[in-house]
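Two complexes are shown next, each including chain A; its partner changes from chain B in the first to chain C in the second.
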Partner chain A sequence: MRRLLWLSVLSAVAIAYPLLLSSPFQQRLGALVLLYAIAASAWNIVGGYAGQVSVGHVVFFGCGAYAAMGAYAKFGLSPLFGIPGGIVIAAALAAVIGVPTLRLSGHYFSMATIAVAETMRLIVTNTDYLGAAVGLSGPTVARNIFDLSFISSLPYYYLFLLVLAITLFITWWMTNSRMGFYLRAIKDSERAARSLGAPASRTKLYAFMLSAALTSVAGALYAMMFGFVDPESGLGILISVKILIMAALGGAGLLFGPLVGAAILVPLEEISNSVLGGKGAGLTFVVYGAIIVLIARFQPGGILSLFKRRPKPGSEVGAPHAP
Partner chain B sequence: MSFVLVQVIVGGLLLGAVYALFSSGLTLVWGMMNIVNFAHGDFVMLGMYVAYVVYTLMGGGPLLGAPLAVLVLATLGVVVYFGLIRDIMKGPMLAQILGTFGLALLLRYSVFWWFGADFKSLPQNIVGGTYAVAGLRLEASRLLAGVVALLVTLGLHLLLTRTSLGSKMLAVAEDATAAQLMGIRPDTMQAIAWAIAAGATGLAGALIANFFYIVPTVGETLGIVAFVTVSLGGFGSVPGALVAGLLIGVIESLSGFLIGAVYKDIVVYILFLFFLWFRPQGLMGKV
Partner chain C sequence: MEAGRSPKLPSLKNLVGETLWEVWFMALKLTTRLLCAAAMTVVLAAGAQAEDKVVKIGVILPMSGSTASIGAHAKAALEVATDIINNAHPELDKLPLAKNAGLAGLGGAKVEIVIADNQGSPATGQNQALRLITEEKVVAILGAYQSGITLTSSAIAEKYGIPYLTPESVAANLTERGFKWFFRTTPIAPDFVRIYDEFLTDMKAAGAKTDTIALVHDNTEYGTSVANTITKGFKEKGRTGVIDVAYAVNATDLQAQVLQLKEKKPDVVLMISYTSDAILFAKTMQSLDYKPPMLLADDAGYSDPSFIKAVGKLSQGVFNRSSWAVGPAGSPSAVIADMYKKKSGEEMEDTVGREMQGFFVLVDAIDRAGSTDPAKIQAALKATDLKPEQLIMGYKGVKFDEKGQNVLASAYIIQLQDGENYVSVWPKGNAEKAPVMPYKGW
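After this line comes the complex of A and B, so read on.
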């Protein structure tokens, strides 16, 4: 009952936000928070719930972004048509990466995902068909509403809110399904879970593919809002880092953790960029780095884990795991 | 085989020795504490900037820059160990990855903020000119880097296998509790391991600063090179890192020469993924 109350308050705030704080800067900020919350929530499925820390999630983000822009730039279609393509490519790529690496211990998985992301970035940067270093652009002037090319951030805000709600619903549904129970068991002790018959590899792979598919949607939405994608904005490792940090700051493995993290870090970055100008880019990431080090050191479960009512030992991310 | 190809291979070996040097630091820490330092490449970057600062402020060459870089980085290593690693070591893996990744960002962008994003380089003749040995053209700076790196990596291996300090460190790696019962302080040993690992990156950074481009983001690429080297060589194995480092140096320069400079990183990364797929224990590692 109390959860329902909180949920309705949160939804009401989210729906009313761009109407109450209606300057273009604030609306854009709100849209960006939601966008990163989508990506971080998608990451949360594999990074938080399955405990497999992917540092190369930007590669799926890039799949979506390039598919959406490619649909327009190569076929003259609405970028919307790129979304299913991006989902399929991202999930297939996740399977290709996941099958060999998910059976390895966690560090290898993290490194493999970095290597895949960097490889993709380098390949795309040198592929003329995908615009090489310049990237692909979306429609400059919308031909119709389905091009999703708006000047105001308001339509994007509500679109992102809808997608975020769907993402969170899928996550919630997954955690309460058989798969969610498997994942929790695997995260606590993979060996124990396996010996009790949980299909560990398959479950982790499904989580990875689901996470990749949702991340590609975030990438497609990002490209639509900004109207273009290039190797740096679509496949740069810093995007992965931001996604991961937001989820971890809020609380990895908690439903609303990524949203909380995004709501803290996106305004921090946007405001410091607008206050400090070009010099701010470096300083922003110094602050990012410091924040992450501090979370890892003092609150590895993230901010939301402070408010957990019944901390069950071993149930959250912050709990020590068996060596 | 043409002379050009030999030239390319020798160049690859010399750079590979430096890869081996900083990767052996990563493999030491990884093998001993089962923690992966995602800031490792950025440690190398710091070593490069120490050499750069030594040159711009004092006009000093590698003779002054390299020892200073070792000192600065070794100190940083100890500080990082006591300030961060000791606590996150026992934590969940997410905290370990986050902690060192955050450190990487902190270091990379502090340098970015302070020195700017533009490429810096040291004067070409800071070490000496170019020599012709048996028809091969060898730059003194690369020769120095390769030879020193090779010797120090071998020295590191001897330190770990032939001295009592090395035995103590290996004992802690094997079983920290048992080592403690034998009167060895795991804390001290692990701090020493961090000092050695970071010191090695400092030396490597100061050595390649003489001929490499110096830029805050160079650590990202070098960090991946270190991961590739360690996974190829088997984690915890210094000889493995040496062989793998030399191999990667050669593969990189050969593919840069034969396919094109932009593809040399791609070749190395794909090789890495290939190894992860088929031989995750590396060339010389145990499962």
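After this line comes the complex of A and C, so read on.
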């Protein structure tokens, strides 16, 4: 009951936000929070619930971004048509990457995903069809509503809100399914889970593919909003790191953790850049970095774990684990 | 033994913990202050708007990330330019806006630049463009150095109907989007083709051999797009002997490329490279004892003061493209070079010069518009017709075509004759010295 109350308050705030704060910059900030929350929630499926810390998720992000821009630049279609393509490519790629790398554990898995992401960035930088170093641009002037090229951030905001709701619903549904129980068992102790007959490799692979597919949707939405993708902005490793930090900051392995992380870090970054950025010297990143260090030191389970009391019997999400 | 166990000594763990808590509270304070500052800026912006004596111009630059040094230099250059506009500088009376203080067309209003950091990201650049337009209420935007960021940030300006001028992004597609609020003052790849073609024709007339040309370029956006345009342009002009030599940017070894050049023996080697690669090329050429008859560079790394410091003495006689040349003492460019050096401690060079020139063109249009109404500024920009003597750069003037490209953008050819300072050698009308052939090297 309590849970339902909180959920409706949260939804009401999310729906009303752009109407309460009506300056274009604040609305865009809201849209960006939701966008990063989608990406971080998608990462959370494999990074949080399955405990497989992928630092190469930008590969899937890039799949979506390039598919959306490619649909426009190469075929003259609405970038929306790129989304299914991006999902298929990302899931297939996740299967190819996942089969060998998911056998690795701990840091070795993270390192392997970084290597894949960097390789992909270099390949795309040298592929003329994908615009090489120049990148691909979206529609500059919208031909119709399906080009999703709006002046106001409001349409983006509600579109992202819808996608985030779907992403969170899928995550919630997954955690309550057999797969979710397998994943938590694997995260606690893969060996024990295997000995009890949980199909560890297959479950991890499915989680990885699901996470990849949802990340590619985030990438496609990102490219549509900014109307451009190049190897650095679509496949740069820093995007993965940002997504990972947001999930970890809010609470990895918690349903609303990534949303909380995004709601803190995105405004922090944008506002500190707006206030300090023009002065030079990269002060933005100093403030940003300091806060991350402090949270990692004092609340490694993420901010949401502060509000987490004893897990009630039957509570849907297990207590977060300190790394 | 006892001292080690003494309970009075705080353990290292507690000590670290307490210090971290202090830092945490400081960070909290800082965040609060940041938010206050943000609120203040909004309030101040509203105040300035009401006063109407200050014209705000947004500037998007890389102030952090791998190209932060360019942002810092450009910032210094724009501060010098703002000083020239806002204060009386009778010694620069040939330049528009310099003679008197402020903008005559707006009753002596002062110009203020609002710099935003693009962090090297197209997304951040676009967010900042939106903030500059909607929160800071700038009347026009100048930016954004990296072509990809200029692409995304100018799209916002186009949607909001705010003039956007790029003084330095050269990607061809920027002016091909049918934008009505976008202007570009810098010369672009087709201009480079024309300049090199004319220069090589003149050099041939003077007795140099220019039949085969090797294009050495990296695989970045800059390297590939400029090389492609030059190859195509040269073909159209009947120059067929073009050899393409590509390499990966930030190379650690360039022996293969230099050996390839050594074997093919082109008459002219045209280098399209950033600084670190340019330096490595100079060193590799020396170690493999390769000297082409003519070495011509496409700006970029070869204009970087650190290139000259590192390998200037190994590259004596290299030709380079630049729109910047310090004129004789007392000329506007010499005065400005002096002011810039005082401000930044660096020598003025092509990139910051183009930045400053673009800013002057934009402010001149605002002055002529006599208003901060974006549509009037846009109309004034379209009507821009500056003569060479009104400029600090070596353009033949500033006049925009319907796509917003400056059709009179041009450049000089300069030569590093003594290995320390570039002197302009072409075209003849602007030359300080005659070009020296062949390439001397070390």
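Here, the second predicted complex is superposed on the first by the 305 of 323 C-alpha atoms of A that agree within 3 Å, B and C clash if a C-alpha of one lies under 4 Å from a C-alpha of the other, contacts with A are read in each partner's own complex, and residues count from 1 in each chain.
In the analysis below, a residue touches a chain if its C-beta (ideal position, glycine included) is under 8 Å from a C-beta of that chain, and two chains touch if they have at least 3 such contacts.
These figures come from a predicted structure and were not determined experimentally.
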Kindly classify A:A296 by the partners it touches after superposition: chain B alone (first), chain C alone (second), both, or neither? first
Regarding the shared-chain residue A:V241, is it in contact with chain B (first), chain C (second), both, or neither? first
Touching A:A112, do we find chain B (first), chain C (second), both, or neither? first
If we overlay the two complexes on their shared chain A, which of chain B and chain C does A:I145 touch? Say first, second, both or neither. neither
Applying the touch criterion given at the start, work out whether A:L306 contacts chain B, chain C, both or neither, answering first, second, both or neither. neither
In the overlaid three-chain picture, which partner chain does A:A252 touch, first (chain B) or second (chain C), both, or neither? first
Can A:L162 be said to touch chain B (first), chain C (second), both, or neither? neither
Given the touch rule stated above, what does A:F285 touch, chain B (first), chain C (second), both, or neither? both
A:N126 in the overlay: touching chain B, chain C, both, or neither? Say first, second, both or neither. both
Which chain A residues are contacted by chain C in one complex and by chain B in the other? 125-126, 279, 281-282, 284-285, 290-291, 294, 297
Footprint of chain B on chain A - complex, ascending: 47, 51, 53, 55, 100-101, 104, 106-108, 110-112, 114-116, 118-119, 122-123, 125-126, 237, 241, 244-245, 248, 252, 279, 281-286, 288-297, 300, 317-321, 323
For a test of understanding, state which residues of chain A touch chain C in their complex under the given definition. 23-25, 28, 32, 125-126, 132-135, 137, 140-141, 151, 222, 226-228, 230, 232-233, 268, 270-282, 284-285, 287, 290-291, 294, 297-298
Mind listing the chain C positions that touch chain A in their complex? 20, 23-24, 27, 30-31, 34-35, 37-38, 41, 63-65, 68, 71-72, 75, 114-117, 119-124, 126-128, 130-131, 134-135, 147-148, 151-152, 155, 158-160, 171, 173, 177-179, 219-221, 224-225
Could you pull out which chain B residues touch chain A in their complex? 30, 34, 36, 38, 83-84, 87-88, 90-99, 101-110, 112-113, 117, 220, 224, 227-228, 231, 262-263, 265-266, 269-270, 272-273, 276-277, 280
